[in-house]
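Some structures are shown below for you to check.
Next come two complexes, and both contain chain A; in the first it sits with chain B, in the second with chain C.
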Partner chain A sequence: MNKHWLCSLLLLGCGSRPEAWDAPFTPTAPVGLDNAVVVMDTTLARALVLTSPGALELREDVLPVGQHVVKAQASPDGKRLFVLSRGVWPRRNASDEHPRLTVIETDPAPRVVKTYELDDPLSGLVVDSENEWAVLYVTSEDSRTVTNPNEIFLLHLSELDRDPIPVTVQSLAGSPQSFSFTSTLDMPNGEARRLLVVEMQSEVTLVDLLPSLGNVERTTSQVTIQMSLNQQGQNATPAEVVFHDADAASGLDPQLAVRLQGDTNVMLLPLVAPSSSSTRPFSVVPNLVDVGGQASTIRFVNTDDGVRLAALVPSKPSAGLVDPNTGNVTSITLAKPFSGIALVTAELATDASGTDIALLWSNTTPTIGLWDLGKATTAATHGIDTLQVGASVRDVLNVPGDAFPTSKILEGQSGDFYVLDLKARRSSPMVTNGRTYQLTFAPDGQSRRLWAFAPSEEDFSSVELGTLNPTELHADSPVWNVFDIAQSGGAGGRTAVVLHHSGGALGATVLDAVAPDSANTRFYSGLAYGGLSHE
Partner chain B sequence: MSNDTHAVSGTPAQPGSARDRYAAGSLLRALITLGACAGLALSLGACSGGDDDSAAPLGGSDFNGGTAAGGSGATGNGQSASGGSFSGGGTTSIVGTGGTSAMETPPPPEKELESAFQAPVATDRFVWTANPSTDRVALIAADDFSVRLAEAGSAPTTVAALPSARDEDAALVLNAGSDDATILRVGADGELRSTMLKTHSGANAVTVSPSGAWGIVWSNAALVDPTLLDPTDGLQDLTVVQFGDEPVTTVVSVGYRPSQVAFDAKEEHAFVVTQSGISVIDLGDSPAPESLLRLSDDPADDAAARDVNVTPDGHYAVVRVDGQKTLGFVDLTNGERQTLTLADFVTDLDLSVDGKQAFAVSGGALVVVPVPPGSVDPSTLARASAPGETGRSVSLSPDASLALLYSNATTDNYLGILTGGGDWSEYDARAVDLKAPVLAVFASPDAQHGIAFQATAKGSSKGGAFSIVSAQTDRAPKIVGTDAAPNALAFAPDGQSAIITTRDLTKQRYGTYLVHLASLEQTFIPLSSPPLAAGMVPSVNRAFVAQAHPEGRITFVNLDDGSQHTLTGFELGAKVTQ
Partner chain C sequence: MNDFEARSLLARSARSSAFVLSAAFSTISGYARAAPAPATSAPTEEPATNANAVSSPATPPSVTAVPSPATAPTVTAQPAHPAKHPLPDEPLHPDDGRMGTHQEHWLFGIGLRENFVAHSGFDPFSTNNVLPQFSADAGRVLFASGQLSFAALALFDYGSVKASARGLNTSLSVSRVTAAAEGRYHFWRRFYLFGRVAPGALYSGATLSDPIAGGDQHSNSWTFATDLSLGAAVEFAGEARGASNRPRGWIGLDGGYGWAQASKLAFKSSGSDANTPARLEPVELGELAVRGGFFRINGTITF
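On to the complex of A and B.
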């Protein structure tokens, strides 16, 4: 039974029907939460919330959201869903719906916990990884007659009753291109602050996220740093911003650093003590450091010589260790052109030296490296051990949860992926059939599994991370996405929800996520109608 | 080769107070910076005095004075010339014995490499650098590396440190785009004050009197692209600045194309060496040109071949001409000229700091000449030489107790090390083989060591070399091959350490060496951009290396431990809106 037909029956019974019921079901990309999967039905302005009360069970709740959903995003902790909708635009009648932000939570039961009406449509949304702040902003999709591209709205997530705080980001000539948040930094004046980092075309603006940030402070809480001139005599474009908190032992002020596109320089932005007349907790004194080539990524690290900004330069190949206090660069020749770096100190550190351990990978050679930065400047090898893997690495994924702290997933350029055990220095290949697979985990890491699927294929796989045993699985319909969620019944079980979307239909195959078996599944259809049936 | 009288824009002329001595040290260091290829070419064109033909001797026996009375020196010059390129004007002439015939071929001219580049300006606390594109001057504190920006006029280019009796750092900035200058002063309280001055058009050089009371803003043809200079561009205007709480400027006119400015000891007169002669400026209440002292009676003389050295007290000018055997002495108080003909061609000339002695290199030996020479018989002058080295150039320590003889006109790997003192009637000498052709040599301020810059040795894979030689003990020279050619040098005032920069623009190899002279030890520090110049900030015991970078880059090096601090983007702070 298709949706159109069902609607026709309803129309006959009720005498009239909303126009939208004649439109096809057009969902947005599904979003996974800890214990739910949410699909937006943009046509009917609904959120279809799928939860699993028990083994092989699926429940669907339908929640209202604004019309014309443009963005749905989960909070990093998997507890909330933020939905931006455009409403009726342009508004012609007083009853026409405003643009809206809807906040949904699913624990203990799906519900809308807050709705904010917005004056104008916004389709940009970034949620702080510490779940403290969210930023709403204008994108190019929000076409208006007159747009202030620098207008953003800050939402304090611990105070949902508070209205979003409008802020115009200070800029000389640019508009926001990306947003990120620092952790809490110990400012030179003793205050602890978090900063919103706004990267623009040729500037970076730091917005001081005062707890009391509001209308009074919003114009005085920003610092804008214009990027340095590149070889073409133009202001460079920021490509990456990283930060490090103050280090009392070395007298280091809190620092930010900016990698510049197409430039061999990185900008150091120490947050130093402000002048006595300043009302800000810090002042920025930029310095520019040439790291010897175009860096692919930068990261603050703790070495045996103190805090350094590590800049990987694959073209050399080398790593520049920049002393933020002096601007001096120690260039370390690398055996391979490593292009990516992730700190794995918490996973591997065995002493209290405070120095970091980093995982290095390359997108051009099948080698990874483990960099003991406690030996970076003293050892002949600079503390780098290399390990061959089967392919160059596209990305490195963390395994959520605590069960496998030393495991990383290396996504290969070829479509294969590798389970890396950092402690054992062992990489286990997971050979795929050549298609580009998507890998997902349970957000809370409780299922001890990863799921690999290729959209539009009916076969998918699950790998038990303890044994590295892959389980081949099959669904009767092409897979749209796979989610590993906690069951909401309180029994602690887990359910894998395999979504199928074809034409105007939405269905789901449900499995036991802990012990998946194609022979033990249940298929649910009719999800697009807001009702469930299973086979 | 003189290292204390060449006019270099942006540097004071002579030492005075302790603060002044440091500023003068900057001058010394500025003068011993050495450029790379492009600058080398400029140096050769500007300083070597043309080709061999133009430097041909005009006849040793012709250096006979005329009969005119000396008078004030303002008049009478050129009226009684008897044909020599340096004669006349009521002078006496002394001809040495053993002179060679007029047909003798002089040696090829030496290359004056040491003064090709100017260093950034440093005062007690700050390194000053101008940015013509932003109309700002950056003041970099050498102690905490903080950067302050000062607004200047349009297109500031030249910066000169100003000696001051007050507890302040000060500099004069020439603004090429607005034909004015800015005096910047930072007091002990840290307050930055600026004063604007009007100057003549086209100023590109500054010479400041030792006390800091006077400054001469002038136009140095050597700093101008020769293709942009019309023969009628005499660059004859200069601006006299009387510093004070309310600085006063006066524009005066001097001879054709000035090349050097000096002051007398009382700072009552300024002397401007020009192609026309030495213009004397009365620095009274109303500064004005007083006279033109001619250096030659022959208007056809090649003024570019002259090497004019003014004694620090401003009493005498000592003149050498490429391809001639004579030394000329001009009494700047009255214009009297005297010539002294040596036995051989004079290939280089330097003066002692007190101006009492001239050190001429003649016939491969150092000849010590009293200033003025009086009636001295040239054959009785003290001569010093190092067997094994036929020196054509000399680098003299400030106290004139160390003379380093070398030649760069031909491929010569040897360096003559001469130590003496007083009248140099007694001295020690030795020649050392440095294994690679010597390009330039610098004596340390304490006269204990020397550093030679060298070209790539035959068969060497290196980009260049330098050598550290010990003067007072018979130690083997330390020869250091470098990946790139050395291009700048700065000594610490105590002579214990030095900084040498190297660069190869093609291979993009840049670096600096910290040299501890007593141990002949050197430490290489790689740089990420081409070094332009080096200098010292003695108050914090640091050297600095200015580098080419669109945003400005400078690396400070601690002279004790070699630790470094690099600042890039002096004006990035101005691009922070906070």
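On to the complex of A and C.
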């Protein structure tokens, strides 16, 4: 009894504080969701979830995640956050945490909706753009004694209670380098389904994503296509994979096409009917086509002559239109060395011809083009209209939401950016002070604004996309990142959260995202302490 | 044993302990020169009239420790050169055996107080639960009856701690001002136990250094506080005579629980710094309650 008293007294007197107060604050890059901003507090294995209950208000919730977070990624719809963690390694005690995947949702309130324990650490995560599947995979950062680099786990996001599906990707020599998902494709044999396309060093493997498939069936039904030999006599490396669904009108099978790195060939992969004795949904008959030069990008397009694979060859400059049925190539000379292509048919199509309209841009010349593929093979100009912009284009961004369907943002190589109105064929320059700005939007596009900021600068801008009126804004601390989120109070308002991070400090300037004004802000600091104090 | 006999015993015991403590203290402060032990210096320190006063008729006749009238002339007849003619080791001022100023006195003390603050609000400011404080007190015994007495005191404690919270500097200073009522029981003239109730106010000033908020932010508050403690004090220096009005030295040790109302830790900028962000919201770190067990050791002078 006396001992207990003594121990209690010592504990009371000399007890140390919780270790959390001594832990440095080392966050990962913040992640934006529809109505929240999440910062991973890695040293304390927790997620700091910032939401805005009302105008200029900021609320902080703290959610537990696994120890040693390696990746945090939002779902494309901005509704979920996936957090991969390594856990405790080496595990010496049964209580030592396993690697895990934590799934967080923030609507109506931040919470952990599911935690998956994994046997081994994984640091690769890809989420399907249709929010149906996620892939967990091994990367070179997952150092182990024995590694199966082809082991992946499929997570069916509409069935979170289902365990991750283990699949070992077939490969002759490589390991997964990148993943992409097809849309639902009509199969020559069996029901329509989606495919997971796994790009490896010199192969492409197709994994069947039919949800009802058993684990063994899914593994054995994979199809691996080895890439062709390139000019150096080695198997080429896939650089880009695109797909097109079956077209009953033209008798076209569902197609995949692979652009090869450093090669003038593209590989067509029609998914044809298998032999009558096979139960497989398709069979692949690869076809190699030379497009006359190294393609910078490829895309399936609907032209006035049917479905074609368009391959842009900036070095010539030209575009090769490949007939997937025959492999014939129609080469179209381009006025400029266009290197990028995006289909804008939905935004601009005015007739029911079914042909596509594509936006072309160049990373070397200050010209963009609108390509009416309905005139690709008949008109003298091949349907291409060009428009001068102030700089060559680094990237083209879509404006989220439905408010500005015909607007695209062209990021210039010089740091300037341009708001392109496809319908009016007009490009409006937004001249910057020479710095390369990061551009961001509300994930749902509801604020009708674009935000431009340069990390570690205190000044940033917001552009109202309707009037193209830029608003100069100022934060009283260097900007780390800017997010435009929906308020969680249900009033329909929007809040811009400008994050600040320095040393062990995390703070945020909060302003009205719809009518931003530097004179109408609130500054919140001490966010790294969230959840450490007790009322 | 009646009360007078007990008091006599206590007096003898106190005299011997006082001698030891006085000798010890003399090596530190030289204060022992005021005590009666070295007969040679006594005449210059204490007029003879004082000795006469000790043996005044008011002194109870049964107090055996009081020197007889016969010894008094010995003191007054002390030779001019004591080194050549040492006298017997007789006290200059015989103990009157009374409580006197052992019990009834003004007092002023300083000391160290160790607070053990286990409240979570203290965590950002200290790596452990200890809040060391400087302590000062002053007061007066207002009432005495037998071995019991009651004192009123004013106490002031001040201390500060520094730490870092997730890499950012923090500090907390705490001042406690209390008015105490103290009940004492003298087991001996030079030793008593006491209990103390000390309500008052506590001021806490917390600082958080936040680089993105332009520098230091502060959270200051006054709260109600009360100390409850028990302790003991021993007189280590001072004349045995209760009637002596010379200063006495005491060492005291007390411990108990210091309660304080919780205050909100809401850090705000002072507003004077140009680097402070506009419309800076306070950083809320919950509540702070500087409460918990404590002990205090202090030295007190009474007179």
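Criterion: the second predicted complex is superposed on the first by the 507 of 535 C-alpha atoms of A that agree within 3 Å, B and C clash if a C-alpha of one lies under 4 Å from a C-alpha of the other, contacts with A are read in each partner's own complex, and residues count from 1 in each chain.
Methods note: contacts are C-beta pairs under 8 Å (C-beta built on N, C-alpha and C of every residue); 3 or more make two chains touch, one makes a residue touch a chain.
Bear in mind the structure is a predicted one, so any value in this text is a computation, not a measurement.
Peer 1: Looking at A:L172 after the superposition, I want to know if it touches chain B, chain C, both of them or none. Which is it: first, second, both, neither?
Peer 2: It touches chain B, and chain C stays clear.
Peer 1: Is A:S477 touching the first partner chain B, the second partner chain C, both, or neither of them?
Peer 2: second
Peer 1: Is A:N287 touching anything from chain B or chain C once the two structures are fitted on A? First, second, both or neither.
Peer 2: first
Peer 1: In the superposed arrangement, does A:P24 touch chain B (first), chain C (second), both or neither?
Peer 2: second
Peer 1: Return first, second, both or neither, reflecting whether A:V70 touches chain B, chain C, both chains, or no partner chain.
Peer 2: A:V70 sits against neither chain B nor chain C.
Peer 1: Quick check on the superposed pair: does A:G327 touch chain B, chain C, both, or neither? Answer first, second, both or neither.
Peer 2: first
Peer 1: Going by the contact rule set out at the top, does A:T224 touch chain B (first), chain C (second), both, or neither?
Peer 2: first
Peer 1: What is the shared patch of chain A, the residues that chain B and chain C both contact?
Peer 2: Shared contact residues on chain A (touching chain B in one complex, chain C in the other): none at all.
Peer 1: Chain A touches which residues of chain B in the complex?
Peer 2: Within the complex, chain B contacts chain A at residues 146-147, 526, 528-529, 549-551, 553, 563-569, 572-573, 575-578.
Peer 1: Please output the residues of chain C touching chain A within their complex, sorted ascending.
Peer 2: 114, 116, 118, 120-124, 126-130, 163-168, 208, 210-214, 217, 265, 267, 275-281, 283-287, 292-293
Peer 1: Quick check: in the complex, which residue numbers of chain A touch chain C?
Peer 2: These residues of chain A touch chain C: 9, 12-18, 20-25, 58, 475-477, 500-507, 509, 519, 521-526, 528-529, 532-535.
Peer 1: Quick one: in the complex, what on chain A touches chain B?
Peer 2: On the chain A side, the touching residues are 170, 172, 222-226, 228-231, 233, 264-265, 267, 278, 280, 283-292, 325-329, 331.
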